[in-house]
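Each of the two complexes below includes chain A, the first together with chain B, the second together with chain C.
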Partner chain A sequence: MSRVMTLLRHRAMLTLLVVIAVWVVAGFARDGFASYGHLRYLLELAAVIGLVAAGQTLVVIGGGIDLSVAAVITVSAIALPLLSPAGDPTGIVGFVATLALAGFIGFLNGAGIAALRIHPLIMTLAMATFLQGLLVLIAGGSAVSTDNPLVVWLGSARPAGIPAGIMVWVVVSLAVLVYLHRTPGGARIYAIGTNPLAAELSGVRIGRVTMRLYALSGLFAGLAGILVLGMNRQGYVGIGDPYLLSSIAAVVLGGTSILGGAGTYFGTIPGSILLVTITALITVVNASPGWRSILFGTLVLVLLLLAGREQRR
Partner chain B sequence: MRASALYWRIQRRRNRGLTGLFLVVLAFLVLYVIQFPGLLTITGISKFTQNWFPLALVTMAQVILMLTGGISLAIGPLVSLGAVIAATTMTGTLGVGGGFLAVCAAGLGVGAAFGAIVTLVRLPAIVVTLAGSFIIAGAALLILERPGGSMPVWLSDLLAGNTPTALGLLVLILIGWKLYLKTPWGLGIYAAGENPVAAFRAGVPVHQVKIAAYAISGLLTALAGLFVAAQTGSGDPVIGTPLTLNSIAAAVLGGAGFLGGTGTMRGAILGSILLSVMINVMFFLGFDPMVQYVAQGLIIVGAVALPQMSRLWRRP
Partner chain C sequence: MSDQAPIVAARGVSKAFFGNLVLRDVSIELRPGRIHALLGENGAGKSTLINLLSGALQPDGGTIEIDGRPVSGLTPRTAQRAGVAVVQQELSLTSELSIAENIGLGALPRRGGLIDYRALAERAREACALVGLDEPLDTPVAALPLGRRQMVEIARVLYRRPRVVILDEPTSSLSAHEAQTLAGLVHRLKAEGVAVLYISHRLNEVTALCDYVTVLKDGTRTADQSLAGVDPQGLVRLMVGRDPGDLFPPAEPHPAGPVMVAVEGFHAGQIRDAALTVRAGEIVGLGGLVGQGQEDFLLGLYGAIPARAASAKVGGLARCPASVAEANAAGLAYIPADRKREGLFLTHSIAFNLVLPTLGAMARRGLRDRGAESATIARLVGQLGIRGDVRRPVQALSGGNQQKVALAKWMPAQPQVLLLNDPTRGVDIETKREIYLMLRGLAREGKAIILLSSDTPELVHLCDRVAVVREGRVVTTLERDALSEEAIVGAAMGVDRQAEAA
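Presenting the complex of A and B:
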């Protein structure tokens, strides 16, 4: 019994319960909302946010923040067709090259933060500005389309009725959860997020962990970018923009402290689904763009007031 | 006697690190004047200040929040909100006075609401202002769905014409800030930001100080919107968007820290001049706008990293 209570008191569980409650209510109030197809579609959209938020969760637990994820998504979506050689029938070369590029961008963020001691907000913000310019220089502002088979498959295939994107999300989620909670590397992330000085004195190599965190964040954002490209078949400048705020909101809604050192990806998963659900509900209401934006902001704020209070330290 | 010695010691400490920035700004300004000698006329100075004025205001707004240990990601939308309120009210029934009051009320109200949620409910500022930015952006869209509205011509001429009104306003705001720092609430800003618990025990009304700081910050931001509307002669519901990031960048260039208690208004002014001149110089050198983004990213990293590096070298 006490175990059930502990589980219920956990923030990740609360967020999940809110999602289920919203789905049940919306399902009764509106035909078709709770249909299998619609919920599957919501999960497919949540997978993209969930992937971006996976990296964001790691970075935030480590006491930082990554404001360059939107730019990395856009870069990946636009770079993939350029990096895919025509002679490759599987499309793996372009896929791997794009992931490497995204990971490298993240690594540069980490290097600037660890070696040059630039605050994460500034480093990742400057990186986003830098990439924004670079993108238009490379792509010239026009949309690109892809016929990379692997990417198209990721965006549209449904083996056994489950979209490939959701499968990717499940695999990444398991990997991130194991990394965070079952490996020494994960423990070090919590250590540097709680108290960097104490962590360093206990033998954690802060620079190395920081670079790995941001590289992973870049990598996951790159994966999300590839997935978005596969779903849309088209990449354009600005395709990643909506995912910056959603990734941070998903992390915080999931109960991870924005101050670092506390939280889990367990919470971010329902956080991502909750955000997508809210957006879907607002679309159903059929309001003007102004009201939609107000509703979204208010709902997120209310959810934060209910669940996201920072513990007194 | 003792007190004044302490005052100057604090001022010196706050000036540390700004000398380098001051020299960089001076170098950029000289470069700018050589390229564009017209800058040294009254018109040149007026135009230059007008270009830089909105960024200066929002950087000051951001620095005030960073002094309390907060931050705002809603600067851009709030500038837009101020602009559309001004553009829809000032030529309407409310008139210039009423419109001005409406803009002030919006800024103060939004700022105080953020401040109240951050301090009383203890939600992190970055998340509250992020969610708030959606609400404010939506409100701006409701007031004016697409660019439109109008501003009184005389007001545009006064604020954005060939007279250095903006420079005068900036000086007035700086004097006002200096005076505010002499009041108990102003004095408490640094204390509440650096160590809220110690400040509270020393008798600083931490909550009121922080909420007031958020309200002032909101006021400055909304007024920046009014100025932008006067400059362009109309309201645009998304015109402020780039200012969110630029205000943070300029504040950090000016030496403000993210943990509270570190930063100065002179730093904010220098930082915003640097960013603004940088953008202007690149424009006049004929850089492609996209190359400007690349250069801007590099310069911000460089400007923030260099002082850090030199500090590391000095203390091996």
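Presenting the complex of A and C:
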């Protein structure tokens, strides 16, 4: 019994239980919600948020925040067709080049924050604005489509009935969890997020860790951008916009402290699923897009308030 | 004049912070027309006593009397109304406001709800004339050099026509000329029947200016007497006072090991052109008043702030380390003074804190080796005598145990050079003794130790050699047989030098 209580006290478990409860209730309330196909679809959507939130989790635990993820997603979705040479039948070149670009953008964020001591809010927000301007210049507002085979496969293939996107998410999740909890580098992220001064005096190379965190955040946002492109087959300016609030909300819903130093990706995973579930439920309500957005924002706030209360205990 | 009844007095006051007694049964009387010096080393309890007298703190025991009547629940406001004014050591001016506005702040003359600038200017001009400030009154304080700001601060206090003026190290940022102006001013206040409490580390100034002295040491009053016929050397004797007892483990003779740290022409932060040599097995002290650059010395050696030297050997490096990580790799470890801010991850577990510096070394194929970590933690916790669950956050530990964690976390790294920044500050006697034993043990193992301390007895009893730092320079290096509290305090305050010059 006491073990159950201990589990319940973990925010990650709590979030997971909330997700299951919502699924069960919605399943009874509405036909088809709890069908395998629908839930699989929800997870596929959650994978995108989960990937973006993977980088965001690392950055937030390290005491920062990345407001450029939405712009990086859009950049990746639009850049990929441009970076995929026609002569490459596998599509790997475009895929790798896009990830490298996204990772490099993140690295620039980290370099600005670590070397120039610019506040993460300012640095990543400025980066997002810069990228948006660049996109307008490059894409000129028109949508781009892709026939990159690897990306198309990622967005639509279901080996053994499981969408490739979900598989990518599982692999990334495992890697992030191992990094956070099983490597020295992971412990150092918690250290700089808790007390950067003490971390530095304990021999943690803060600049290096910071650049790595933001580079990873860029990389994961880029991966999410590629996945979104594969699922839509089209990229356009603004395609990444919904993922900024979602990624931060998923992190905090999962119990990671927005102040840094505490939390785990293990909580962000159900956090991401909870967010897409809410979106799905809102879609069910017959409301205009404006109201849907207002409803989503309100629900996220309410959930965060409840989650915050829980944490303070 | 000084036979008159005291305006403000403390009678047997005590004060503890978090169970740590910083002031024990201290009495002091501030009489009209008397310049009263308050002396003591850093941490002796001077600031606490001032805060009690000015209502910023309430005593746990004893009473504060104003005009002979005990006052309970004195607040800064009521103290001010009774005429007690403090010139703080840290400047409390608002730098964006003008000289006149700063002087009047809190007691601004008003007309119709708005500031009466004409009346303000008039009164501010009087106050400025008193302290010899001739800058235009609308100059923003931010544009003034530090010494002038201090004079504004004093003018601000005099503007209220206080009956008791407490000056907390007023001359530390003043030029010689300004200090002279201040001395004249203090004499005038005395003639007007104001009670002055004067805190200073400049002993010559104290003997020249003050009539009476109260000395604090470790929170108790060790002297309370007239200053007639007392010279600076006599003051040093008064301050050093009693026998430290058997708090310190006895010194052990040891063979001189290889040189572990040797710098010449060393510059870092405030430190200029310093030289220091430390051999394996030695404990070398860094003494002096707080804030003379000793901390920069350690941080520079540790690669935490930029440092350069004409020649340097720092642990395994033949130059000054460029980063903390490089210093760690060269065999250095640093134990900070403010363990909560600089040494520990308070919300994380004891275990996390103990293994963080050595995680990388213990990892196998990039992954953390939980077995090795647990073994290390168990060993350290056993040595430290910390009981209970190591998964508890380190903030649950007492201050002394926290300090032991901050020290012990480096032990698995096997550092050859330990840089300790005031390791016993705010630590109880029992833990002090344990830390002293640890330091002796580490020296015996052949570590080279540099001990920065604000506790002079500690330096005398633990160190093989003490470099005394004053205004960024090593003013003297005292060898074992020349070590005494008098010698360290004298050098720290520049008494020797001035005695020679005289």
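In the analysis below, the second predicted complex is superposed on the first by the 305 of 313 C-alpha atoms of A that agree within 3 Å, B and C clash if a C-alpha of one lies under 4 Å from a C-alpha of the other, contacts with A are read in each partner's own complex, and residues count from 1 in each chain.
The working rule: a residue touches a chain if its C-beta (ideal position, glycine included) is under 8 Å from a C-beta of that chain, and two chains touch if they have at least 3 such contacts.
Keep in mind it's a predicted model, so treat the numbers as computed, not measured.
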item	value
Partner chain in contact with A:191 - chain B first, chain C second, else both or neither	second
Partner chain in contact with A:182 - chain B first, chain C second, else both or neither	second
Touching partner for A:245 - first (chain B), second (chain C), both, neither	first
Which superposed partner A:200 touches (first chain B, second chain C, both, neither)	second
Touched partner set for A:262, first chain B, second chain C, both or neither	second
Partner chain in contact with A:122 - chain B first, chain C second, else both or neither	first
Chain A residues touched by each partner, larger count belonging to chain B or chain C	B
Chain B partner contacts - residues on chain A that touch it in the complex	65, 112, 116-119, 121-123, 125-134, 136-137, 245, 248-249, 252, 258-259, 288-298, 300-301, 304-305, 308-310, 312
Of all residues in chain B, those that touch chain A in their complex	71, 117, 121-124, 126-128, 130-142, 145, 245, 248-249, 252, 258, 288, 290-298, 300-301, 304-305, 308-309, 312
Chain C partner contacts - residues on chain A that touch it in the complex	178, 182-184, 187-188, 190-191, 194-195, 197-205, 261-262
Of chain C, residues touching chain A in the complex	302, 304, 323-325, 327-328, 334, 336, 341-348, 352, 355-357, 359-360, 362-363, 366-368, 409
